[in-house]
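Think of it as A, B, C and D in the order they're written, each chain with its own count starting at 1.
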Amino acid sequence: MDYRRDIPLVITFLIGVIAVMDYYTTFTSVKDVFTIIKNWGIVLEAFALGLGAVNLFRVHGRRISQRSTDWIFSALLLFMLVLFVVVGLGTGQYEAGTQYQWIYNSFFLPIGSTMYSSLAFYMAFGAYRVLRARNLDAFLLFVTAIFVILGNTPIFPATAPQFFYIREWIFTAIVGGTYRGIRIGVGIGAVVIGIRTLIGMETGYLGRR
Amino acid sequence: MAILTPDRIVPLVAFVLAWFATYYAIQLGKQGKIRIRRLPGLDAIEETVGRAVEMGRPIFDIIGMGSFTDIYATQTVAGLSILSYVATLCARLGAKLYAPQANPGVMPVAIELVRDAYTAEGKLEDLDVEEQLPFLSTEQFAWAGGIIGMAVRLKPAANIMIGPFWAESMMFAETFDRIGAMQVGGTARMYQIPFFAALCDYILIGEEMFAAGAYVSGDPQQIGSIASQDWYKLAALILGIIGAILATGNITIVGDLLVM
Amino acid sequence: MSVLEKLTAIPREIVIGLVVIAMIIPTLNPLGLPIMTGQMAKDWYNAVEELPAGSVVLFDIGYGSGGYPSLGPANIAVFHQFFDKELKVIIMATALEGSMMYPLIMDAVNPETRHGAVYGEDYVFLGYIAGVQTAMAGVLGDLPAIVSTDYLGTPIGQIEVLNGIRGAQDIDVVGYLTTAGGTSEGWVYQAYSAYGLPVLGGFLSMMTTSMKPYYDTGQLIGVIDGVKGAADMEYLTGYPGDAIQSSDVLSFSQTLVVIFIIVGNISYWGSRGARKEGE
Amino acid sequence: MVATDPQIWIAAFLTIAATSFVFRDNFAFKISQYTFIGVAAGHALVMGVKNIRDYGWTKLAGGEVIYAVVFLLGIMLYFRFSKEYYWLYRYPIAFLVGNGVGISIRAGIHSDFTLQVAATAAPLLASDAMGTFNNLVIFIGCITALTHFVFTYEGIHKGTLGYVPKVGRWMMLMAFGASFGNTVMTRFGMYQGRILFLLREWLQIV
């Protein structure tokens, strides 16, 4: 038995099977064990939250010491990281401290809420260049996209409520049906991959080394 | 029964059967008893490579920024299978391949696969790993920006992006469309499919990319698990159709059975 | 270059400029167009209206700064309704930034002065709990065995609203707002499938299509469909806010998008026709 | 009147910087991007420490000695960065994967498979014509989309039967159109939040 590889596979299998038994059986001993597993899972996930920071220190520390291109940005990155950690842990109040909320609202909140919403502009580029009825496939997508956009734009339903009802119908009938088919397929796919993982046939998470 | 949680008998049976089905299907796959149909998307890839050769312009293959350790690992694996296939075609037909990388863990595997493909075609001297498989960034927007820059500069004839994609999918699809590249897109991250559907010439929707990956790699495990999923889909089809017909005639046995 | 060809090549700077203008004008001069509420948001509203006072709600703040512009207004409206109905609200966060959203939302809701609700007696915030689905299963399975304090560090034994709450059996309804697919499906799995609890789900509009099958099968009894759902909730609960104001902006900016689409198609088909004639 | 609070100025600068990427990659965008990565990792670390204290340390300090094992496993996670002892990282990750997979697939087959199939096996006729029509569209959409994803039975995709998965593909493209339309709303609705911030809190003209 290779303790570097086989024991982790056994751990995965056992924990997974207990989780499944907790759901389908009524043994109180299983439920008690699984309550502990859940609690440990939360603590381990919390430990894992520091991995990103450690990795960033390794990568960007190297960049700074080698003075590679953009090293000044790496320095900024690590400074911001340390700032949050010092304010968060130093005050002993973690995220509930007023100083921490100040730096969060100054730095994290504006970038976090802008980064993805700025894709709105790409939607605009995409809309005028790309949403074109160039063939049957694109035409079908185009038709529902247009009607959903019209239904979602309050000025159109305000002039003619039909726009709103068409949008509601598209969601009720077309989306409701096809996405159910997709959901069944995706769901069973996840279950099969999960089973492959539990029985040790999907070992990517162990890493390649 | 006191041992089993009530109202969950059927899901439990379905679950246990899935366990056996997966195991059995993989055995069948190993014996070569399962065939996956060739998807039109794969023909489209061949077509794009041919077109690139004619035009004397390069080809892009983007596998996304997934890793081997996250839940999208299977999508990354499918993307790598396709990359290997594209590399073989490029080496054979003489198109220049670019496959920018975003994950340091996946990158060595990608390089190895591409190098193997070129070696098998006896064209290793045509491959320059440093130039053709550059590492851009692990950060989403830096990576997206890098690819957009390369695309505008190199004006590829085609772009093949199969793997896990996030918000950058829209940026890629829009950019490559602007420079006139033919595109084949595929991902199992369903939120991103609409952009590929709107912008690409061919798409591989969800599990189609796994099937395509399994088809080109011939890996019995992947083929087997696709077969076991097919059995469940067929079961869903049969139960759904019969159940709906019976229920319309006021016999709700199938629906009642499934919620037991 | 023909007019049609010029249309296909609108410079990005102009597109961006037009979009920004389309957002700023209605912000400065709101139109106050009527809102047509969707069935999904009505279902959420009615489900909460039907709960008797004192019912226990478990609510998850499953979004962070990325979802704040869309889901923040929805959250405010939802909490107003909870406190109006005098429900007991247990709040948790499965998103890392959830506990940073909590003070922003509570500043706007102001339950103490506007609704007379008291922290600890009527509502409590457990803070961020790592593990997403593990956290959900933990809280629903055996709350006192998993959680020992609220986010400020007060032991749960001293928190009145948590008295007698053992887990799913003492919770009447689960609600969540999230930007993450895993969280969204997670609550369906862990609350509906595992305990048969009614679940109210809110997420970004782009996720609505994927989550629709759960609504159709009753695994979600009400849905907030991103910023549109947020506007619906603000309208239904009678607490108008940023989402209703966003509706006016949507009217302008999306009309612009529709115009772009029309221009794009006319020029595409026009230039195709022109090319065919030339051949 | 323009805001005087430095917090608002920082936030306004970062909002504009983060948006500037839509023109092209630039210096200001890089500032916002690297700041973002740094603060996200820092915040994660802070929340991680707090959770370790609340869910692990309190139990260990309360006399539950068994929790020492979790701390050991948690520290083993960090051997991920070691060349020699990398394998130690596999023990805790195996625990997390087993728990994560088990907890989601046990209910997944219930929510996504049996309950969805049960909903499909429902009467097609409704009390009114519109309801019946909707039921038919939903039924056809679900069934045809499913057949599209059958890969090992080629017969389904050939001849007259081949129209079934084809219809599924068409229906799916229409559903993706709806998704596209809703995504447009998501992005514009979200960016509006930033415009409101800039006009209301920074420039104070609303």
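The rule we apply is simple: a contact is a pair of C-beta atoms (placed from the backbone, for glycine too) under 8 Å apart; a residue touches a chain by one contact, two chains touch by 3 or more.
Remember, it's a predicted structure, so these values are computed and weren't measured experimentally.
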{"item": "Longest centre-to-centre distance from chain D, chain (CA-based)", "value": "B"}
{"item": "B-C or B-D, whichever has more C-beta pairs in contact", "value": "B-D"}
{"item": "Distance from chain C to chain B - Cα centre to Cα centre, in angstrom", "value": "31"}
{"item": "Mean-CA-position distance for chain D and chain B (Å)", "value": "19"}
{"item": "Centroid spacing, where centroids are CA-atom means, of chain A and chain C in whole angstrom", "value": "16"}
{"item": "CA centroid of chain C to CA centroid of chain D, Å", "value": "14"}
{"item": "Residues of chain C whose C-beta touches two or more other chains", "value": "12, 16, 68-69, 96-97, 99-100, 127-130, 134, 137, 146, 194, 205-206, 208-210, 213, 216, 228, 250, 253-254, 257"}
{"item": "Chain D, residues touching no fewer than two other chains", "value": "21-22, 33, 37, 43-44, 47-48, 50-51, 55, 59, 93, 99-100, 103-111, 113, 115-120, 138-139, 142-143, 146, 148-149, 169, 172-173, 175-180, 182-185, 188, 190-191, 193-194"}
{"item": "Per-residue multi-chain contacts in chain B, two or more chains", "value": "8, 11, 15, 18, 69, 141, 190-191, 194-195, 197-198, 206-207, 232-233, 236"}
{"item": "Residue ranges of chain A touching chain D (in the complex, touch as defined)", "value": "4-5, 7-9, 11-20, 22-24, 36-56, 58, 70, 73-74, 76-85, 88-89, 94-95, 100, 102-123, 127, 131, 136-137, 140-149, 151-152, 169-188, 190-191, 194-195, 197-198, 205-207, 209"}
{"item": "Residue ranges of chain A touching chain B (in the complex, touch as defined)", "value": "20, 23-27, 115-116, 119, 122-123, 125-126, 129-131, 137-138, 141, 145, 182, 184-186, 188-189, 191-193, 195-196, 199, 201-202, 204-205, 207-208"}
{"item": "Residues of chain C defined as touching chain B within the complex", "value": "181, 196, 206-207, 210"}
{"item": "Sites on chain A touched by chain C in the complex", "value": "23, 31, 34-35, 38-39, 41-43, 45-46, 49, 95-96, 101, 104-105, 108-113, 115-117, 120-121, 123-125, 127-134, 146, 149-150, 152-155, 157-158, 161, 164, 168, 171, 175-176, 179-180, 182-183"}
{"item": "Of all residues in chain B, those that touch chain D in their complex", "value": "8, 10-11, 14-15, 18, 34-37, 39, 69, 139, 141-142, 145, 149, 191, 193-195, 197-198, 205-208, 211, 226-227, 230, 232-234, 236-237, 239-248, 250, 252, 254-255, 258-259"}
